[in-house]
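Next come two complexes, and both contain chain A; in the first it sits with chain B, in the second with chain C.
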Partner chain A sequence: QLEHGCAPPTAARAGLSSASPRDVPAERPRGVFHTSESDPAKHTEQHEGRLYNIPLEEVKAVFPHGLPYRFQQQIQTFNEARLMVRRPALELLACLKGSSLAQPAVRYVIYGERGTGKTMTLCHVVHYCSRQGWLLLHVPDAHLWVKNCRELLQSSYNKDRLDQPLQASVWLKNFKTSNERFLGEIKTQKKYTWGKRESTEEGRPLGEVVEQGLARVRSASDAVGVLLRELKQQSHRGSFRLLVAVDGVNALWGRTTLRKEDKSPVSPGELTLVHNLRKMLRNDWSGGAIVTTLSQTGSLFKPSSAYTPHELLGKEGFDALDPFVPIPVANYSPREFESCYGYYLERKWLQHEKAHTEDGKAELQFLSGSNPRQLDRLAGPL
Partner chain B sequence: TLRLICTTTAVQRKNAGASGPEKYTEAFIKKQIEEFNLGKRHLANMMGEDPETFTQEDIDRAIAYLFPSGLFDKQARPMMKHPTEVFPEQRKIQWGEDGRPFHFLFYTGKQSYYSLMHETYEKFLNVQKHQEQMIAQDLPLQKEKRNLAGSRWLTKIELEEMLIEKLSDDDYSRFIQLLQKLVALPCADIEENYIQKFSKEVPVQLQKVVIEPLQYDERGVAFSTGEGKRKTARATAVVYDNGTGKITVNGTDMLHYFPVLQDREQLLFPFQFLGRIGKHDMVCTVSGGGRSAQAGAIRLASAKALRSFVTEKEVEFMRQAGLLTVDPRVKERKKPGQEGPRRKFTWKKR
Partner chain C sequence: MAAPSAAGLGRRLRAWLPRIMPVRWSRYNPSYLEPEVKKESYQKPLEELTEEEREQSELKAVRPIKAAPPTLSSSVFSDPMISKFTNMMMKSGNKVLARSLMSQTLEAIKRKQLEKYHKAPENEKETIECNPYIIFHQALKNCQPIIGLSNITRGGKTYQVPVPLTDNRKRFLAMKWLITECRENKHRRTMMPEKLSQELLLAFNNEGPVIKKKHVLHKMAEANRAYAHFRWW
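The block that comes next holds the complex of A and B.
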């Protein structure tokens, strides 16, 4: 049975990505479907369908909040984090490698049916960028910001907008974990007043802004806004490259389930966090890239069969994100299926005696329809 | 003793004719027959047909047309039949005006049974005499075996009907034993006519289901179709050869149409049973019923379609596995006085 992970609280997104090949000098020979290439920068076509390993310390540092819940449980159980190298991720990486700093940030939208591995592709890209030394702005699930929020404060900065202190503080904490070294390097360019007594001077490291947000929870959302604006302004200088990775980007332009005190519905534009993030997603800055994922699972008021950008983003979102590079993610190819199945066998995840046979494999393939999520759910009880 | 083998319901009806004294006099029966014939002619005139060539089937059709009934029991519906079929046969009065019975065995109680036994034994002795004659003349004994496999003896009820007299099991078994002894003799062919009165043909076996041959479409790929149903769902499936195991239902992928694992397992079952999981493609259309019913209907349809691809032995295996049988369970009717088919209203003590 899966033990519940003690990993930092993360978004509950159930998408399965393949496992990753192991890099650590192996005590025993690994299967054919593993690659020992642990640096995503070096992943090429020949690594396609293979699994690569991410060392656990890196996982904690880079992905405090990015991985899907089920994948975290899998990491806990198998004691290693393995990601499958798949074609959409390889395409994205190639694009990123080819992009130049001077041009405005290119927007990539990863889309696909439910449970085909969009979030894991995003995590793969995030890992690559962290290895390359980019600054990661990873929003694990934008849907969390538009639903199930207990506290809504009226923003002190702008009377129309609403703050979400809890979500903002959680996100700030995770941001701090993943980008420790940048926080000391980047300096603010303006003076920000948080309240009557607190303010941040010009030229202070960004770490202070983050601390401020964490200490004073009421102004956490504003701290986030400040952070985003600073990063945007400074990224074109070239001292660092900025990656904006947003999962479930269709939440920013849909509807929310939140209501104001007078029971009138809140539109996403009225939330500070969402507003700032939208500004971030506009491609009027350069020196980085924006990689987003569409998600139907957490989305509100959308039919479960919708998966194209047009349907999930709506007209508003589509216009806002247009132009973008669409990257479709499909179910497992036979080769990928084999490698995933082989990985489960190797880790003795499939205990049923029939699961080891050819027939069992064919049955699994049929029943799951080569869908990664279905395969993961099927293999669970076996 | 002989046990009653499984027979049709017609045979198992009770013989009402042998019980009790006469209920209908002969004159009454004659009148009924005249009325029936008159009525037949009237009916023929009403339907615009020729009265002379109006058969019983025409009568049945006319009555069903004029008096339509939705009753399930066919014998409860209005019918018009010849009085001899309607009124059971009666024994006529067995003694004359002076009280003296006609038959010599009347005082045995079961006169027709004992007279039958006498007759049969007479034939038996006849055959034996003939046999001895043949042996004396050194002629070869004819040994044409009757085909016992395709025939059966009359049942007790049929015999009772024939004799218009009640029999006991013991009597019946003795009669059958005597007949069997008679048939066992080599020269029993002489009395063949007599024996045939007491034997019946067993109905022919049910027709074997014809397996359709494979058809080939434009690309040269072999395919076959099958239909299936379950509860209210009807499905048609087309199974193509040389496939990858892809299944399309009503235009959408199986994974999207059946999000529940249980339904997908139902679809998997025929292929898994034959070991052909990744070898066939399937395109199916289904309508009606619910989620489970549609899955069951497609399963039946695909199993029927797969029959064409597979050897006869495997077809037999499939049939025994229950893949080819239509599931007869349907929603049971709600009865009045109850809340549902079985559930009664809450019982209140007062």
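The block that comes next holds the complex of A and C.
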């Protein structure tokens, strides 16, 4: 799909007119709630409530992990990836555009009730940064690192910590897919010894560290640690900008459901992956940004009504993340609801004959409470 | 009879679709009226009502109203066949699970059909049916047997006699066969919605094991035609 320049200056601001930017003339014009502006850098308030398309090749390259499962199913059914441009994402993008390289990394925490679109906002920001050429350090769900781990190895680097080879290797594989070109450019600054016979010299490209982690699964967690350390040290130079995107950041400071062999509980600080990620989330480095999301859905030992940063992060987490920019995400506004409903109708997702009527629409709005997840769940069987 | 309290309401009272089916037994005082859930009936202004409706609305002001059963819904999306099917799928009263399985099934049917629709060339697009409700109703209609067998004992021997079936019995048999087929003949790891959606799509196209079972029943009835005169009703 061709990328257009910014919207023609004569397009109406209110957005409900049909003068939305058109596709290449060969395609028939889509509805009012679509926009052909697929570069997030050019999204403004004019595009608020509209859906923009991400080409499928880009989806595979930028999001090997990170998109919610229902959204992935939707991409497969509709054969396209459409993301809604919403106000919290626009605010975040404006902050990112205005931030400078020399300042220490600013931390953003996206919070909100369940199902309001926090992960999708994060994905929007990740897409923007990938278009701008940033290095993406995207952790799709930090909760996966603190629960349901089959193999816990004692770390060879530090006797007190525990390694998670499977989770680390899966993450390394996805990191490699999304950041191919940086792995050749960035060089290591220290010699790292992986075992008796394996080591990485100084000045070798980072791709070798990743390969080492994938080949020797036992040292995958240490490879992740090395990767994070190198990136943090080299980001201030300015040759690349680093985005640390963590979904479900409250997992890093909560409790885990893992146990050591003597059945004593493991605290998150004892896991290598979590320890290294926590170091990454400190704002003592410059040349990038840290965007995180709170999530109650996968969290452990937290009540289901908790959604504010203080409740979900706890005292320890809040102090660790302390100077951060909070970004609340709310349910759909009436305009966004119309947009989503119109998209479902256009893609023939709402098949029930009553769903096309005003009564059906009112009922959907009432039953879902304009909550994006509930609307998606309700529209499924209809 | 005393006015029904919460306990006297009778937990076994299953007033399913009170308009179509008569209630089997009811502990309500006959003065109790049925609840009215349709929105349209409340939106009519007073002048448009006929004589009986005016009397009815005056009666509603003085008579008590029965409690609405949980199956009665004022939603525009409610469908009595789907509710009946969900009830038959339910085990140990777990309606939440049954209903979620049903909605996942409908969604699975819709996804499969939409994928086929988007991949098909332009001229074939009209033939592909994407509405899961139409598929469900058509599949059930295709599975309904026309004639059934009943056991009649004459002179010590039991004969399988072909007998006409009522509409309710046909619907029940179709749903029962579908559910038993999906419960028994599937791999341990296959989820119910996936198997059900598969069976419904096959039945929609008049293929599959349930249609075969219906044909077997029809053949048995045809074979036992000689005993048809044993029937006395």
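Definition applied: the second predicted complex is superposed on the first by the 356 of 382 C-alpha atoms of A that agree within 3 Å, B and C clash if a C-alpha of one lies under 4 Å from a C-alpha of the other, contacts with A are read in each partner's own complex, and residues count from 1 in each chain.
One rule holds for everything that comes next: contacts are C-beta pairs under 8 Å (C-beta built on N, C-alpha and C of every residue); 3 or more make two chains touch, one makes a residue touch a chain.
Since the model is a prediction, treat every value here as computed from it, not as a measurement.
Q: Identify the partner contact of A:D359: answer first if only chain B is touched, second if only chain C is, both if each is, neither if none is.
A: both
Q: Does the superposition put A:L382 against chain B (first), chain C (second), both, or neither?
A: In the superposed model, A:L382 contacts chain C only, not chain B.
Q: Identify the partner contact of A:G369: answer first if only chain B is touched, second if only chain C is, both if each is, neither if none is.
A: Touch partner of A:G369: chain B, not chain C.
Q: Between chain B (first) and chain C (second), which does A:Q73 come into contact with in this model arrangement: first, second, both, or neither?
A: The second partner, chain C, only.
Q: Compare chain B and chain C by how many residues of chain A each one touches, and report the one with more.
A: C
Q: Thinking of the overlay built on chain A, is A:T297 touched by chain B (first), by chain C (second), by both, or by neither?
A: A:T297 sits against neither chain B nor chain C.
Q: Would you sort A:S305 into first (chain B), second (chain C), both or neither based on which partner it touches?
A: first
Q: Enumerate the residues of chain A that count as touching chain B in its complex and touching chain C in the other.
A: Common to the two interfaces on chain A: residues 359, 363.
Q: Note which residues of chain A are touching chain C in the complex, please.
A: Of all residues in chain A, those touching chain C are 73, 76-79, 348-349, 351-355, 357, 359-360, 363, 380-382.
Q: Spell out the residues on chain B that touch chain A in their complex, using ranges where they run on.
A: The contact residues of chain B facing chain A are 245, 253-256, 261, 264-265, 268, 271-272, 275, 277-278.
Q: For the complex, give me every residue of chain A touching chain B.
A: 113, 305, 359, 362-363, 365-369, 371, 374, 378
Q: Which part of chain C faces chain A closely enough to touch in the complex?
A: Per the touch definition, chain C meets chain A at residues 39, 75-77, 102-104, 106-107, 110-111, 114-115, 117-118, 130-133.
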